[in-house]
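Got some structures for you, see below.
Each of the two complexes below includes subunit A, the first together with subunit B, the second together with subunit C.
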Partner chain A sequence: MFCEKAIEIIRELHRMGDGQLPAFNEDGIRQVLEEMKALYEQNQSDVNEAKSEGKSELIPTIKFRHCCLLRNQRCIAAYLYDRLLRIRTLRWEYGSVLPTNIRFHMCAEELEWFNQYKKSLATFMRSLGGEEGLDITQDMKPPKSLYIEVRCLKDHGEFEIDDGTIILLKKNSQV
Partner chain B sequence: ISDAMSDDHDASDMSGGDDGQEDVMTPSELIRKLEEAWLNEKFSPELLENKSERVECVMEQLTHMEANLQRVRKGDMKASVHRMEIDRIRYVLSSYLRSRLQKIEKFFPHVLEKEKSRAEGDASFLSPEEFAFAKEYLANTETYLKAVALKHMPPNLQTVDMLKAVPEPCLDSFVFLRVRARQENILVEPETDDQREYVVDLDEGSQHLMRYRTIAPLVSSGAVQLI
Partner chain C sequence: METHSYLPVPPGVGMEENFLSLDDILLSHERLPSRTECTFPRLGFLEKSSDSRDIQEGTKMEMPLFLAKGLYERKRRVVSVELPKVYKEGWRTVFNADPTVVDLHKMGPYYYGLGSQLLHFDSPENPEIAQAVLQTFIGRFRRTMDSSQNAYNEDTSALGIWFHLELKATGQKRND
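Here is the complex of A and B:
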């Protein structure tokens, strides 16, 4: 039946949990595009036949093929767009440099989209306020406690923190 | 609000903008207004009017506070409190801008369409920078779809109508709100063959759960606050 491959690639994407990006299914997309090409060519020849020989009984088949074409287009668009949304989330989660294993799952055009998105976002953030802008990918959670506990791994000697106090960092001490 | 803000007296009178749309505000009023805008934006299903003047003022304020913090005696108790305050304000501001950006991305064709068809004098929903971002987002996405798939499709299927493909914000979603100024005769359900029209009065200080569509104009006028 037509459009089966299109549904299959969507199902595959849907199966992967929130936010995970599976490998780009280049093969699947190619198969759907080939099916579309075949359907279109069959329609072209039927349309010509219907026109020149007045075979109006071909028209339902033509309409049916057209519906399949539209469905395939919609499925492909949905698949690609959903991946873009996941990739967009990656910028907010991982920052502007993606881990290599994730990059492997992206096709070249997706990487290009990601780069453009990064640039747009950076331009926007820089424009905020007057001078250097504001990095809104930071401060994702409301500030809770001002102090954190730190265990020293190595002797570091004296360390000056934000408010000017000086702390002595000795190996294995907890501050 | 804290000493850090009033230490520097130049900062304590904030002017909202050239066209005098917002009156001169004290820093604490400015922050309060920021929080109101933040909550409204967070809970509203659609993108609200942009408040970029306010954003600029808050950023100026933050810079002043940071500068003041440098001058406070080291190790003073006040320093920690001020630091916390600065972090809090920066969080609210970032969250506000993130909310807006997320909606712009989610509804990008509709947001751009709305901006294009806006009349000359009407308030803009997007700041110039947000508008640029939205246009870039649209162009980027269209370029991508063309390159990966659309150009390999049959000639009559090489475009996708973004306005149809991307869903619109659901204005019928329900929101919680608190009433700031009493409203009378708010039309909740119009009259139909089956029912009379359903009209309510909203008392000041009362809280309600209603369809966003019904009270949308009241949010932009400031008569209600989304919570």
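Here is the complex of A and C:
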């Protein structure tokens, strides 16, 4: 049956449900693309024959192959997309420099995508929180304590909070 | 790695599939007992049991769901799909009696998903199939939620009758 290699690469990804990135299955992709080429060429030839010799009985076969072509296309798209989701996760798990063994699992285009993603994320982070930006990849878990220490940026003088306590807000003091 | 940021494309809801969902792709690879309603010339090599050049009309074969869906036409000239046992009247009665005792994993990994997809083939039993799948889920839901909430340090071998997608459906993370 057609599309067996395509489902194999999907299973390979699905097996790693925790988001780890397996090695890029270049050979698998190549085989699926080859099958697609063969199906397409057979269909081209049958369509021409059906049109020129009026052989409408070929139509079910053409539909069959077309179905398998679409299936292969779907599997490749899903494979590549799911890998990108995993690669995106890598930026958040490992930071901007990836361990070499993980980098080897990515193909050239995926590495390029990762670099672009890093850049987009960095640009976004720089646009937050004033001049220095804000590294949102740090401190991803909410704090356990009820209170947080803050540094005062401007002289505000005295400030009364909800429970009645009065605090003095002076520039560069920490409260 | 403790990944909270890997969010794969989830399976589709009801009769819809999500194009990029790995779960849906695996689901639509499941095979269904089918019958060709016309000849498929030049594809005989796919049918191991016959030596013919073509797939003859009336051939019974196990067809993957994606292919059956792609070829099926309401006017039924191309392919017809038979309901797998689990969705037929006999099993539907069992599910109706007590859905919690059935070993769903033995019935195949995609009872709910496949049941929903079967509705595409315009069987006269569609309303009963849809009802059975829905009621089965409702019947099992409470037990599944209880088990997934309280499975910490417990013997989970008894949970063997619940298949993993049910647990996924409850959105619970089991502390195994």
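One rule holds for everything that comes next: the second predicted complex is superposed on the first by the 142 of 175 C-alpha atoms of A that agree within 3 Å, B and C clash if a C-alpha of one lies under 4 Å from a C-alpha of the other, contacts with A are read in each partner's own complex, and residues count from 1 in each chain.
As a working rule, a contact is a pair of C-beta atoms (placed from the backbone, for glycine too) under 8 Å apart; a residue touches a chain by one contact, two chains touch by 3 or more.
These numbers were taken from a predicted model, which means no experiment stands behind them.
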Ask   = So, A:T123: does it touch subunit B (first), subunit C (second), both, or neither?
value = first
Task = Could you tell me if A:R88 is touching subunit B, subunit C, both of them or neither one (first, second, both, neither)?
result = both
Task = Mind working out whether A:M36 is in touch with subunit B, subunit C, both or neither, as first, second, both or neither?
result = first
Task = Considering only the touch criterion stated at the top, classify A:P142 as touching first (subunit B), second (subunit C), both, or neither.
result = first
Query = In the superposed arrangement, which partner chain does A:N48 touch: subunit B (first), subunit C (second), both, or neither?
reply = neither
Query = Is A:A77 touching the first partner subunit B, the second partner subunit C, both, or neither of them?
reply = both
Query = When the two structures are overlaid on chain A, which partner does A:S96 contact: first (subunit B), second (subunit C), both, or neither?
reply = neither
Residues on subunit A lying within both footprints (that of subunit B and that of subunit C) = 70, 77, 81, 88
Note = As the complex stands, subunit A meets subunit C at residues 1-3, 7, 10-11, 13-14, 18-20, 46, 57-58, 60-61, 63-64, 66-68, 70-71, 74-75, 77-78, 81-82, 85-86, 88-89, 92-93
Note = Per the touch rule above, subunit C residues touching subunit A in the complex are 1-3, 5-9, 19-23, 25-26, 29, 38-43, 46, 64, 66-67, 70-71, 78
Contacting residues of subunit B [partner subunit A, same complex] = 55-56, 59-60, 63, 74-75, 79-80, 83-84, 87-88, 90-91, 93-95, 97-98, 101, 105, 129-130, 132-133, 136-137, 140-141, 143-145, 147-149, 152-154, 157, 160, 165
Query = Which of the residues in subunit A end up touching subunit B in this complex?
reply = 29, 33, 36-37, 40, 69-70, 73, 76-77, 80-81, 84, 88, 107, 109-110, 112-113, 116-117, 120-121, 123-124, 127-131, 134, 136, 138-143, 146, 162-165
